[in-house]
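Please go over the structures that come below.
Both complexes shown next keep chain A, but they swap its partner, so chain B is in the first and chain C is in the second.
After this line comes the complex of A and B, so read on.
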């Protein structure tokens, strides 16, 4: 995979440029990739491990949960694991089974590892550099559906996007839409339809899922009094449930309506013929917006 | 008027920007990282 630059060619040409000792081919063994990276990280290297699809990360769960996320605590700070795991994730590219999973909640539940997810080229570069510079492990989820979805001017030099800070995509006054990754364009589409109904939406792109930007969430919800959270992960125990608890803790007395979530259904992500029925759409988001505003 | 990132950088005197998609931005981040810190390794 080193020669090809990964399944999506994300690192195409880097092995030629930097050599096989820096851009390393590995066997297709996710547990081995993460385990080797842990050993390198605690010995002073900064490995960036790519899992070809987030759904393939399950064999490495043991390494991540029992070593990556807790060596700092186990060693009382003597050792840290400054590594990054990159993983394309999500549905919408008509991939076969297991390739389309959106299981960010599993890693949000894991203390000791940060989780970031860009929705724009600018944020992708800035978040990845920030993740590598972070002293602790970071999982970067890359929305496959957005890999080639649009272009943006990106600085050629080094810059960072701060981990833990969301991005205000749009200012609005009637309702807060909270999304990340490939769901950001979906809520933008719903917002355009809501404007035809005279509804003005504030859009928050979280960018970091662990830790979430509590300040941006609460400031927006306290302004609008209403919120809809949109993710393609399954509904039960999904990321929205944590965000709901943040809204409950910080902004309950400002709410004018129950907070709604629009999510993937609670079934394994279906084959490509049905995936458009599984994923949240602008129409489903608009239904939630209307229900919330009319409450 | 929408001010693009490139416009902001040009106002600051730095025109070194390039149109990229998200995949290319990830690759460019890895290029910058590999160039600037020889402890960084790419594993896959």
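After this line comes the complex of A and C, so read on.
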């Protein structure tokens, strides 16, 4: 990531600008990268660790779960591990096996770590700066499919996007669509088609998966009375299950139809020849929208 | 072959004779007494902790008896500003380095208060997973190097830890960045019930240093002087910017893995016979050198007993666990979700902070 600028060039030019002391190529060692970051963080540094693809984070799972997530708690705040872990993730770019996993739920399940996932260049910059400024560990998921998917003017200066706050993509009245990352354009596509059928959709881009924006979810669902949650992560125990429980706790009596989820299937993320069947598409989302509205 | 290449360094033999006369002036009466005091103190603590567990006054406890020379010798070699990354069996080393005895008991009684080191002491909470602390040590040491300090890091681990990936990742990282770490292995023969022969095909642990291009030292872990001087040398080497050192201290865990373990199921009493108890060995040396003094011994026996009793008393009269501590230290600022859970649970408790009875 130093000389080469990372496989997606996200760190391109950083080493030239900040030097080899701050932009560091490390041994190929996920557990070592995160474990060493723990040591750096407790000793006054703010490591921003890159895991090349989220599917390669598993060797570091041990470090994240057994140390990163709990050092503040077990030392009563004496030791803290402010660090950012960046990881490209998600399918849809015809990548080799393991490179396309969406396992955000594993990290949502962990106490003590925040999880963010931008869907726009503006949010990518604002969330990354917020993550760096955060006093606690933050996992930043970078949807691979969106790296080169669009362009947006981004302010030159420093700004942050508050962690824990969703973004209302679009106001609507009949149904709430909840998504994040690369699924935001997918629900936007479905919304365009739904509107042709006279259905008006409220779109929530969660932006932060842990902690989720309960208020934005409940306000929207209470307004529309219907919801479809869309993610490419596996269905069982996926992020939608938690969002469903938020809706259940906050908005049960407002619901006019069962909440649907459109998710990756409970199969290993396939080789890319089949990935378009695995990934939610605007058509699959539209199907759920229609079923929900016609319930 | 490797045992020849990495000879077991020792300064006193089993009978207490000084085997390397060049150390004669460095090992005087007061230094010998200091080492004996620390080893005696942590042994008495260890034995007391086992009894407390048997009486149900603390939780499951992992004893370290037999490893006092390794732990006290290495910890005494540290400077005040150095870092220590211990495992769950290294509270002997922690106590020598300055951890509070009451806190140590609190830790074994299930209290997070036991992870907070005394002001100014850089002791990390004990690593309970195996070998995960090695990369932490590499990172903390790398940070010291980046800050341009003269501080070093010691990290403890056992023979079983050498089979883990993090053993490799931690040493490899620190060797690449020349981070000032001393990787202090206590090879006590067993990872719970699995003997070293099932852990590795290598003759020694020290030889693994060769693969990382760093020095590997094999030391008699029951010889407190050899451990002290070899650790001191390694720390100085690391401080000078030369990178890490791997030390294998060959020792013997006299007791069980934990108070929940029964070692008679997997090893015979004979196996440990070749190891002379580290305190007995030091006592023999001190007697031969004319350093032994019954009056002094009586004095430290009293001091240590009093300290331990006071600590047990403090541990048992410590304020009851506060349910707020369950929630309050997870994040710097508590997220709304967690705040909801906390409020709802406190409502459920109805003000009875510690009023939960587990049936």
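One rule holds for everything that comes next: the second predicted complex is superposed on the first by the 294 of 295 C-alpha atoms of A that agree within 3 Å, B and C clash if a C-alpha of one lies under 4 Å from a C-alpha of the other, contacts with A are read in each partner's own complex, and residues count from 1 in each chain.
Here is the rule we use: a contact is a pair of C-beta atoms (placed from the backbone, for glycine too) under 8 Å apart; a residue touches a chain by one contact, two chains touch by 3 or more.
Given the structure is predicted, the values throughout are model-derived calculations rather than measurements.
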Touching partner for A:212 - first (chain B), second (chain C), both, neither: second
Touched partner set for A:44, first chain B, second chain C, both or neither: both
Chain B versus chain C as contact partner of A:193, first or second or both or neither: neither
Contacts of A:26 with chain B and chain C, given as first, second, both or neither: both
Contacts of A:10 with chain B and chain C, given as first, second, both or neither: first
First (chain B), second (chain C), both or neither touched by A:164: second
Contacts of A:111 with chain B and chain C, given as first, second, both or neither: second
Partner with the higher number of touched chain A residues, chain C or chain B: B
Which of chain B and chain C A:132 touches, first, second, both or neither: first
Partner chain(s) touched by A:235 [first = chain B, second = chain C, both, neither]: neither
Contact residues common to both interfaces of chain A (with chain B and with chain C): 21, 26, 36-37, 40, 44-45, 47
In the complex, chain A residues that touch chain C: 21, 26-27, 29, 31-32, 34-45, 47, 59, 62-63, 66-67, 71-80, 111-112, 114, 135-136, 164, 211-212, 214-215
In the complex, chain C residues that touch chain A: 83, 112-113, 115-117, 124-125, 127-129, 132, 134-144, 146-147, 165-166, 169-170, 172-173, 176, 325, 329-333, 335-338
Of chain A, residues touching chain B in the complex: 1-2, 5-6, 8-14, 17-18, 21-26, 33, 36-37, 40, 44-52, 86, 118, 120-122, 124-126, 128-129, 132, 142-143, 146-158
Chain B residues within the chain A interface of the complex: 4-6, 9, 14, 16-34, 36-44
